[in-house]
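Look for chain A in each of the two complexes below; its partner is chain B in the first and chain C in the second.
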Partner chain A sequence: MKVLTRSEEILLLAIWHLGENAYGVTIREKVKEMADMSIAFGALYVQLDILVKKGYAKKFLGEPTPERGGKRKKYYTLTENGKLSLQTARDLNSSIWEGIPDVAFKQTEQ
Partner chain B sequence: MNTPKIAGILLRLLIQREDKSPLSGDMEEVYHDLQHRNGKFQAWIWFWGQVLVSLRTVIWYSALRSISMFRNYLKIAFRNARKQGLFTAINVSGLSAGLACCILILLWLQDEIGYDRFHKNFKNIYRVIQENRSSNESITMSTAPFASVPSFHEDFHEILYSTRFRGGFSNWRINYGEKTFYNDNLCVADPEFFKIFSFDFIKGNGEGALKSKNSIVITAETAEKYFGNDDPLGKILLIGDDEQPMEISGVLENIPARSHLQFDIIFNIANAADWWRADLASWKDSRTSVYILTDENADPSGLDKKIENFVKDHDPQTYYYLSLQPLSDIHLRSVLTWDFDNYMKGNIRYIYLFSTIAIGVLLIAGINFMNLSTARSAKRAKEVGMRKVHGAYKIDLVKQFFVESSLLSVISLILSFFLVFTALPVFNGLSGKTLNFSAIAEPGILISLLSLMVITGLISGIYPSLYLSSFQPVNVLKGITPGNIRFGANLRKTLVVLQFGLSIILIFATGVIYSQLNFVINKPLGFDKKNILSLDSIGGFRNDPETVKQELLNVPGVRKVSWSIIPNGYIEPTTDISWEGKDPEEKVIMYRCIGDYDYLETFGLKMAEGRFFSKDILSERTNYILNESAVKAIGMKSPVGKPFTFRDSEGIIIGVVKDFHQGSLHSKIKPILMTYSERFFSVHIKISRENSSVILENIEEIWEKFVPGRPFKYRFIEDIVDGFYRSEEKTGNIIKYFTFLTLILSCLGLFGLASFSAEQRIREVGIRKSLGATDISIIKLLTTDFVKWIGIAVIFSCPPAVYIMGRWLNNFAYRTDVGLTMIIFTILSVLFIAILTVSFQSFRTARSKPVDSLKYE
Partner chain C sequence: MNKPKKPPKFAEYLLRWILPDYTDKDSLGDYEEVFNTIADQRGYKSALLWYLRQILKTIPDVTHEKLISKISMIKNYLQIAIRSFNRHKIYSSINIFGLIMGITSFILLSLYIRFELDYDKFHARSENIYRIATEDQAYLYRNSYKMAQTHPALTLKLKQEFPEIISAARFWINDDIRVSINGDSFYEKDFLYINRDFFEVFSFDMATGSKESIFIDPSSIIISESIAEKYFPGKNPVGLIINFEGTKDFHITGILKNVPQNSHFNIDFLVSEENQRIIFDRDIETWRAIGCYAYIHLDNNTILDELEERISELPGKYFYEDDTQRKRRNISYSLQPITSIHLRSDLNFEIENNGDIRMIYIFSTISILILAIACINYVNLATAISSVRGKEVGIRKVVGATRNQLIKQILFETSIYVVISFLLSAVIAKLILPYYSSILEKDIMISFNESLVLLPGMIILIVVLILLAGSYPAIFISSFNPGIILKKGLSWNSGRSVLRSSLVIIQFTCSIILVLSVLVIGYQMEYLNNKDTGYIRDRIITVGIRDETLIDRISVLKDELSEDHRIVSVSASTRLPCNIDWQYRIHYPGMPDDLFMSMNFCIVDNDFIDLYGLELVEGRKFSDDHPSDKQGAFILNESAMKALNWDPKGEYEFDFYLDGEFKTGKIVGVLKDFHFLSMYEQIQPLYLYSGIGLESFTPRFISIKISDGPIDEILDLISAKFLDLSPDYPFEYSIIDDAYQSAYRTDKQLGAILRIFTIISVVIAGMGLLGLAIFTTEQKFKEIGIRKILGASAGKIMLLLAGEFTIWILISNIIALPAGYYLMNKWLGNFAYKIELNMLIFISAAIMILTVALVTISFQTLKASTANPLDTLSSE
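== the complex of A and B ==
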């Protein structure tokens, strides 16, 4: 299985956090909140579409609501594959970080 | 509820179909949220910021996609072009020939319409036109009375400057030091000339030039001829036989080719008064053109009305009416009875004619392109279906076919440059211009060329691309022919009819022009134009005509010698005549021919009644001879012996000469008054047809003896007469080439279509042959259809062709008729060529073996 990139990981985590309510606006806000990254909408959808294409997430259209000028929302949820990849990413993270003491950082900071 | 409008539109354009509503919905949601929290302005900034940021990404990705698709289109286009080499060759050669025609005509047009525009005051310069109205005709001339020049700006405050001008003095002897030159193109003008026209000075300036009577201005070219590299300013030239000294007060840049005023040396007009022995303050004498410069704010039409009776107001005895002609009209729109022009004058009719031809040729080439592309479309149907199945939108296919047609038009444009480059010398020879290939690089031309190319690409690509991209993939992949192929076939037929219609009109026009030229050159003129020399009478020739005449007649082969006016040149109109029983109010114009007693026989004229001038009678100066038209114009019965007065000298009419064509056959025979003179400015010598070179040598010897040091220059009357039709001859020549080209292009198109239809019907032909059809019947089958179209073209194009050429023939007072034979000849030749074109292909198909066409792969 391929390893997730960092931005893929962050986006997938944001979608996971949001659960039922993951669509453009909320995903963008969540990413900002979690990782202090701001993504333009245009770029956001390109990245989300890549996730869909790779099979980590899937999308479905919501009902039109009046507060958005009658426009539909596009919701995203994780696929099983996506969840699995996130799991792998976390395992990989902890395994490669294992045994590195905080001291190492302190030395480099000097 | 309102997001920024323009940004919104931009956003919707950027987003791909499926994302359209969710994404713009997201944007709107955030926008409203921000508007509540931070106010409208910040929200606005944010929205625009988002759109602009996305713009960058979207443009980058779509460019990437277009580039890779574009590469694919190009690749396919090249493969197709190579696979169907014949069609490509027909298309490209047709289009490039069409474009080359357009470029040539564009260059020519650009040259023609740019005349005289280099003058700074171009818009405010006018030439004065003088009109002589009488009961039998009205004569317009590019002249005005001498006295009008100082009076113009005294009487009208809106006229700033005015000048007289007369060019065309030729063959003058000019001495500088020891050297003798002969110069043409001398002219006279007032000093104000340089205030009106902006000819550039290299040395000296417009203020000082021509100020005194003996100061002159010359052009750079002339300066080099006389002085080489020496400074010409202040040098003295001795002018004419009496060697008048003239000082050079200025040197001009060479006169631009696109100027209707052409001259080498310009003199102060005061000299002309001496040369002509004329009074420059006269209201009756008008031998010069007059140009005026008006104030910028002047009202030209008001001024035009004011000057109409200007001459009459000053001198009630005259009959001249004046009007103004803008400088911009002189080259192309000037239609005068008489004009001084010593440059190649244009005509607006030719501008229209050649523009129409250019468009026509391009149209024919474009039609070929459309026809062949749609005809080929059946072959491309599978490709279109395949592309659609793989997700191409209709717009992608349209783009693809436009790329193909533009590619061909770019190649054609490049080829057409080569064609123009090689054809330019020929075209220059035909049109008498000196067009330069580098003029293509001028921005005006370049822009129109590029737009021409784009338009050709678009127009010839539009039908194939829309038509082909509309195929339904399911049907074409199953092998069902697209439903609207019938429509395509009808369109093709219409276009072929149009092409051949145009070709027929052009062929007919060429035929008519040549038969009219043939008619005017061979029509009996009432005099014998053959083997008559015309010489200027100067020096001893002018001083002692009787002795010279005897010497000339002693030359074996010289038949008759006459001192007389050139019968086909400018002859002076006059209204200063009266006769017995004339109504004092009546005004009749007659043209005055001057000659001695040998005039009649030299030109082979015939008398209707009475006698001609005779050597033995001394009082011939007051005897007059009229031609039949003149007798008719004054309505006189048995004129011989009746009194007649011309300019205060009373005399009698001694004879009536039979009508002859004095001028060109464009105009009717004019009323002519002949007066007697032994020593005119020109000599005419009738020689025998044999040994003309020996006779000419002998005449030259006599010339040397009586006029030493002057070059022996002569013209043949026949050349002068034939020269009247030079512009028609030139048009005929140019049209001939275009006709040939359109015919070739039409035939190429027809050939392409014929081979296409033969290819499509190859199975049908195979089956017919295997069932026993003969070759001939197959050829007939394949040819009839095309011949039918050509027949329709013939029916539609004959009426306009006959109408247009009838109008053209009306320019001539004497003309041939548009004969039935000409029409039949045109039709037959077109039919013959078309059948030949089609049957070549049909023959090949008919001869093919059914086995080859019927077996599957």
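== the complex of A and C ==
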């Protein structure tokens, strides 16, 4: 299995956090809140599309709402494959970070 | 929450267009939701700003991805285009070649048309500059007479009387003046005497020096860059001296940038108008003479008709002495936009020979016809080839290509052809341009920067060409039903050949009309060239006289020249028979005293009529045998007698107003009409006046008739005699036939250009026909083989193949000949003397085109009809 890229990881986590309410606007806000990154919608769609194509996420259509000018929400949710990849990413993270204390950073900061 | 707000439609479209294809309109909902949130919190404006910013932000993220998919698509299109080019090399080359010729012709013709239309537009205020033209009824007694010049007095009143006239420029102009620089004399022209407003109205720039200098000191002069370069190469001429006609010194105070070639008048020297008074003692505030050119700069909101009327009231206010004069003179003024002078004005006393708007119409029509012919080639060959490509299209459709995609692909292919042809044409046009400019004697060269201005025009041209050439083939080819095509194939004749044949018919109709026009125009020019002008132009040399002292010794000069046996006769006259454009007032007994009539005239000596072989229908020539001639004698031409309603045999008198007094003289003879102006014009009334015994006889020309023999030796002799008598003046001669021919030079140039482009159009149409011929014969190879096996002769088969084309061309003839007849009759209507349109011209045009077409296709049909049927049938 391929390793997730950082931005894929963040997006998938955002979707996971949002649960049933993950669509364009909320995903963008969540990413901003979690990682302090602001992405343009255009870039977001490109990335989300890649996630869907790679099989990490799938999308389904919601109901149209008036504040969206009668357009429907496009919801995203994780696939099993996506959840698995997140798990792998987490394991990978903890294994490569193992044994490195916070002190190490404090020293270099000086 | 308020009612939801919507972002503007255009922004929404823009965004939709930028976003990747896989996002649908629902994605826009995200944008709209945030838009609404911001609108609620911070107002509509900031929401809108945010929305627009999003559009910009989206571009870099998305285009990258989009580009990759586009590139792969284009790669595929290109591949197919190249393959189809390789498979159909002949047709594709014909297409490209035709397009290149068509576009190149179009570019060259448009550049010329643009040059002509741009005349005088370089003036910053060109939109608001008008020339005042004068119409004076008294000048012709019966007909009114319209002039490009006006009364000097009028221009002085304009600014005081009419606040809407912001500035009023006027100038006098001298051609043929003698300037001396460091003791060397030359004849120059375009010597202008200007007033202070001149630079207010016109936008001429100085290279060095100030414009004001010539008004501060009237003996200052501004010269043009080209004059500075000619006489003071590499030097700064400012401060140096130029002598005018041996009488007055001007010192140079400035250099004027060269006047653009598309100005209706040129400037080489500029002095203050005060010099008209100083040098010539001329009244520059008079109502009694015409002579200066006046141009006014008007306020934006001026109503022209009204102003014309009010200007025309000025003579009544300041000039007419009483009511009868008012009634008879009836002077009126009209305003001509400066930008229309070059192409639309043909008055008396124009500064230079103007162009002709009709030529512009002819050229525009040709340029469009040539392009149309080239596009039709493309349409015909592309649809013809499509029958071969039917399988490709069928497969594409089966695999899932939509009709839109097929249309896109074919349009893309067309645009490759068009763009490549366009680029090559631009290069070729650039290479041809210098020659083309020199044929037309116009500087239509275009710099790279200027061509950038034309960029939008070029893009429009390319798009129009793509649509013209590509849209029909695209719609046609994409409409194939894959099932039928793949099963049965698509045959050459499957429908649409009606359209193909009508397109070919249109092409040839255009070509025939063009050929016909060229023939008629050619014959008309030849007719004018060969038409008897009524005077001899053979072996006559003319020399202009500027030396006033020589004028007094004219008889000495004549005697000296006549001594040599190679000189047959010598005559002095004010004008030459090829251009008697001077007019002067005449009055005859019985005419109201304060009226006069203006008529072309020439003062001549006794040898003039014989030297030029002019014929008399009544009366006698001027002669020494009749002493009364010295008191004044006239010879009129037939047209003058007719205009006056006089009987040629009757006895009449004329009063000739000269040197401030009327001289009365008898009319001693009537001259047969001869063409003393352009052949285009009806012969006007003319009078010759006997110069013998006239104290103020100031001949401007000496005509010398020489016998056979080497012309150079005689010229040396004449030159020596002239320099002997008038050493300060350069000897310059011309041969009268050259002078005559030069009047028709523009027409010859335009005729040559017209011929070239007509040939090109016929070649393009012929190539298209060749392509079709090759195609049909290829399609019918088998049919021909079988026919031959069954016993058809080669001749029968040729007839079969050529028959269709012949019918097309015959139909084209039937359409083109009446149309051509109508057009050419209209064109000939502009001429006073013209050829009769006879059947022969039409038949020859028809035969010419038919021959070209048959010769073009005959190689192909001959090959097919003589081929061994065994080869053709076994070729699969």
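Keep in mind that, in the parts below, the second predicted complex is superposed on the first by the 110 of 110 C-alpha atoms of A that agree within 3 Å, B and C clash if a C-alpha of one lies under 4 Å from a C-alpha of the other, contacts with A are read in each partner's own complex, and residues count from 1 in each chain.
Convention: a residue touches a chain if its C-beta (ideal position, glycine included) is under 8 Å from a C-beta of that chain, and two chains touch if they have at least 3 such contacts.
Everything numeric here is computed off the predicted structure, so don't read it as measured data.
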item	value
First, second, both or neither for A:100, with chain B first and chain C second	neither
Which superposed partner A:43 touches (first chain B, second chain C, both, neither)	both
Chain B versus chain C as contact partner of A:71, first or second or both or neither	both
First (chain B), second (chain C), both or neither touched by A:24	both
Footprint overlap on chain A, where chain B in one structure and chain C in the other make contact	23-25, 28, 40-43, 45-46, 61, 64, 67-69, 71-74
Residue ranges of chain C touching chain A (in the complex, touch as defined)	1, 4, 6, 18-20, 22-23, 25-34, 36, 54, 57-59, 61-62, 65
Residues of chain B touching chain A in the complex	1, 14-15, 19, 21-30, 32, 50, 53-55, 57-58
Partner chain B, residues of chain A touching it in the complex	23-25, 28, 40-43, 45-46, 61, 64, 67-69, 71-74
Contact set on chain A toward chain C in their complex	23-25, 28, 40-43, 45-46, 49, 61, 64-69, 71-74
